[in-house]
Amino acid sequence: MTLTVTADVRETVAGLRRDVARLHGELTRYALVVWTAGNVSARVPGHDLMVIKPSGVSYDDLTPENMVVCDLHGRVVEGEHAPSSDTDAQAYVYREMPHVGGVVHTHSTYATAWASRGEPIPCVLTMMADEFGGAVPVGPFALIGDDSIGRGIVETLRVSRSPAVLMRNHGVFTVGRDARAAVKAAVMCEDVARTVHIARQLGEPLAIGQSDVDSLFDRYQNVYGQR
Amino acid sequence: MTLTVTADVRETVAGLRRDVARLHGELTRYALVVWTAGNVSARVPGHDLMVIKPSGVSYDDLTPENMVVCDLHGRVVEGEHAPSSDTDAQAYVYREMPHVGGVVHTHSTYATAWASRGEPIPCVLTMMADEFGGAVPVGPFALIGDDSIGRGIVETLRVSRSPAVLMRNHGVFTVGRDARAAVKAAVMCEDVARTVHIARQLGEPLAIGQSDVDSLFDRYQNVYGQR
Amino acid sequence: MTLTVTADVRETVAGLRRDVARLHGELTRYALVVWTAGNVSARVPGHDLMVIKPSGVSYDDLTPENMVVCDLHGRVVEGEHAPSSDTDAQAYVYREMPHVGGVVHTHSTYATAWASRGEPIPCVLTMMADEFGGAVPVGPFALIGDDSIGRGIVETLRVSRSPAVLMRNHGVFTVGRDARAAVKAAVMCEDVARTVHIARQLGEPLAIGQSDVDSLFDRYQNVYGQR
Amino acid sequence: MTLTVTADVRETVAGLRRDVARLHGELTRYALVVWTAGNVSARVPGHDLMVIKPSGVSYDDLTPENMVVCDLHGRVVEGEHAPSSDTDAQAYVYREMPHVGGVVHTHSTYATAWASRGEPIPCVLTMMADEFGGAVPVGPFALIGDDSIGRGIVETLRVSRSPAVLMRNHGVFTVGRDARAAVKAAVMCEDVARTVHIARQLGEPLAIGQSDVDSLFDRYQNVYGQR
C-alpha cells in the first residue's frame, strides 16, 4: 500500500511546501550550510507524511514545487525529485517522536567542530539554558544507509531537554514542534557552539548552577514571545 | 494611574518608533544578533516612557507600528504586542540613569565569550580608549524576572566610563544619550571584544599608559565628528 | 600552428564563457577570494582549448565577453584581455589529466593556513569522506613562471582521491569533471579546512576508520543527488 | 595664503570625489571597518590638495558631494563637513612621500590584533611576497593631535617594500600610487593578517626563502594584471 496525498490534506501540504522551501533561506542567511549540504523537513500533521528538500539541489533553486513529499519510511509520495539523502533519518525521527513536527540537519561549523571531538557543549550561557535547558548532547557515530542515524538521534534526544544533537564526526540534527522551531534550534545551536568555543579559547567559562539553568529554561519555554 | 501617550508627545513617539525599528537593522548588519535575540529601546525625552522592540518578533518584521511603548516600570502604554522580555531591565536603567536616552541588549559572540568567563576586556586599542575610556567592565550574574539585571547594569556602569557592560554568562548591555549612540556602543563593543580576543590568542597585547587612555578619551568625546 | 575557435565549437565556447563568468560568483558568495585573487577555468570538451578569467579584473566586472580562450599551453586564442596568471598551471593540468573538465584556484583562508604549515587536512568528518575520500593532501612549494605549479598539482592529485590540493605556502587548486564540480570542491575544501581547524583548537578530533571512509566515499560518489 | 580649487583642477577633483566616495564601499564589502571607523583619501595630482572622507559620517551616506578637499596641511579648501580626524596624518604622508597618490586607514580586525601586540606579520605566503615584498612592518605608538602618526607611518614605510604599516595598538595605514591601489593593499593586508594568524594557531608556518620572496615580488609588480 502506497500512501498518497489525499484531497483533504492537499492544502496543508501546499502550505508546508512553501514553509519548508522558504525556511532554507534561514540556513543560508546564518551561514549554517554551504553548497547543498543541509536541509529542513516538516511533518504533515495527522498524516504519515513529511515534506523535505530534494537531494543535491542548490538553495537558490528551491521552490514549493520541487519539495518532495515522502511517507514516514522515506518513500516518495509526490515530487519530481529524489528526496534528501537524510530522509530516512528524519523519517525515523517522525516515527519515533510523535511530538516532533520539524527536523533540520546541518554541518554548521562550530557545532560540527564539537561533534568531531565527540564533546557536548557545556551550558555556560543563559541563552543556552533558555533554549536547550542544559548541555547540547553528542550522539553516536553512524553510517548513512540504514536506521543508525535516526536511532542515534532519537536515543540521544530522549534523555535530554535539548532540541539539538551533535552526531559524532558528522553534524547537527535539531527538532521542534514545527519546521520553524527546528530551524530556530539549528540557528541557536551554532550560535552557542561558536560563543562557548571562543570563550574556551582563552580560559574556562564560569558555570551556571543547575537550579538557575532550570529556572531559565522553565521561564523561556512558558513566558517568552507573543501569547 | 496609568501613563498614556498624550497629544503633545505623539509626534516624538512616532519618530522614536521609526528610529528604534530601523536601528535594529544595524544589529543584523553587524551580526550582533541571531533570530530574535537582541533589542534596542529609546527613552521618550521628558516623559516617563520608553519605546522598545516587541518580544520574539523577527527583525525582518519590525515596523514603527509594532514597536511597544511602555512606562518606566515596563507596563505597556501603547502597542498590540508584548514588549521585549528585557523591558524591565531597560526600564530600570532609564529610571536610575537620567542622562541615558537609549539602551541596547545583544548576545554578540565575542563580547559574550568574555562575559561567560567573567573577564573585563582590557583597554589595549586606541579605539577602545576613544569609545570606552578604559576596560569594558563585567556585571554580576543575574536572573531575569525582577530588578537584578537592571541593578547589575546600573551598579557596574556607575563606576566606569564605559557605555557597555558585559553581564556574566549572559551578554552585553550598552547605553547612550540616544538609541543611535547605544547602538554604536554595541557595535564598537563587539569589534573591540573580537580584536582583543584575537590579539590574545597569539600572545599578550601591549599596554597603553593611563594618561594616553585619558587623553584619547577626552579628545574623542569632545572633538570627533561633525560639530 | 595556432589553434582557433572553429565554427563547430563556437556555441560550446559561448556556453562555457557564460558558465565560467557566472561561477566566479560562488567564489565571492562563500568568501573564498578577495580582490582579484582566485579564478575558475573550464576545458572545451574535445578540443585543446580552455576558457579562463582575465588577469587582475574585478569579480564585479566579469562577463562572458571578457573571459579568455587559451590553448592548452596557455596561449590566447580568443579574447581582448591577458588571461589569469594561473593559466599555465591550469593548462598543464588539462594536458596531463584528461578526465578533468574544470580547475579552480583560490587562497581561501583556512585551507591556505593548512598549506602554509605544509600540513594535510585529516579526514575526521563524514562530509570529508564523502567529497574527498580521505585527507586533503599538500603539494610542493613552487614558483610561478614555468611548469612547477602544474606539475606539483598533478603529481599530488594522482596519488589521492581528493579533488583538492593545498599548494605549500600558496593556496588551493581543485579539479572536477566540469567547472561547477571544481567550484564545489573549492567550497567544500574551505568548509572542511575551517571546521577541522576549529575542532583542533580545543582538542583532538576523533578518527574515522578507513573502511567507514571508503564506504562513505563510494556511496556519495555513486548515489548522492538527482539521477 | 589659502589654497583653492582653481578652474583647471575642478574636473580632476570631481573625479576624485567620485572615486574616493565609492572606494569606501570596498572597506565595508570586506568588513574592514565598522560604523565610521576608517577612511580613504586621494592626492590631487600636481596640486597640494587631497580629497578625504568627512568625519563621523556613515558609509551609507557618503556621496561625491560630501567628500572634503583639504590642502596638504589638513586645512579645508572645499566642503561643508569637517574632514576625517585622520586628515593630518594622511596629509603628512602626501607631503613626505611624493610617489603616494592614495592613503587608507582602517582598524581591520586581524591586522589590528598584530598591531596591538606590536608584532610584524611574517611573510609566509606567496600572496604576501607578491603584494608586500616581505613582512608587514609595525610603526610606533603615537597619539593623534600632532605629526606623530604621520611621522610614524612615513619612517616605517621608508625602510620597507610593504605598502602597509601596522601602527602599534591602533590599526593599519596603507598607501598606493592612487586611492584604488591603497584600498587593495588594505584588503590584502587584512587577508594575509587573518591567514597567517590562523596558520599560527596550530603550529608554525614554513618559511619562504628570501630569494623566492624577491622573485615573487618582482614578477608581481612588473607582470601581473592587464598591460
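Labels for the chains are A, B, C and D, by order of writing; each one numbers its residues from 1.
We take it that contacts are C-beta pairs under 8 Å (C-beta built on N, C-alpha and C of every residue); 3 or more make two chains touch, one makes a residue touch a chain.
Chain-to-protein mapping (UniProt): A, B, C, D = L-ribulose-5-phosphate 4-epimerase.
Just so you know, these numbers come straight off a predicted model, no measurement behind them.
Of all the chains, the one whose CA centre sits at the greatest distance from that of chain C is B.
Two copies of one chain, chain A and chain C, touch each other, and the residues they use overlap weakly: the shared fraction of interface numbers falls below half.
Here the C-alpha atoms of chain B line up with those of chain D after a rotation of 90°, rounded in steps of 5.
Inter-chain spacing, taken between the CA centroids of chain A and chain B, is 32 Å. One inter-chain figure worth recording: chain A and chain D are separated by 45 Å, centre to centre, where each centre is the mean of the chain's CA atoms. Of all residues in chain C, those touching 2 or more other chains are 201, listed in ascending order. Those chain pairs judged to touch are A-B, A-C, B-D, C-D. Across the complex, chain A is touched by residues 34-37, 54-57, 81-82, 85, 107, 109-110, 112-114, 116-119, 141, 143-145, 168-171, 197, 200-201 of chain B.
On the chain A side of its complex with chain B, the touching residues are 30, 124-127, 184, 187-188, 191, 194-196, 198-199, 201-206, 208, 212, 215-216, 219, 223-227.
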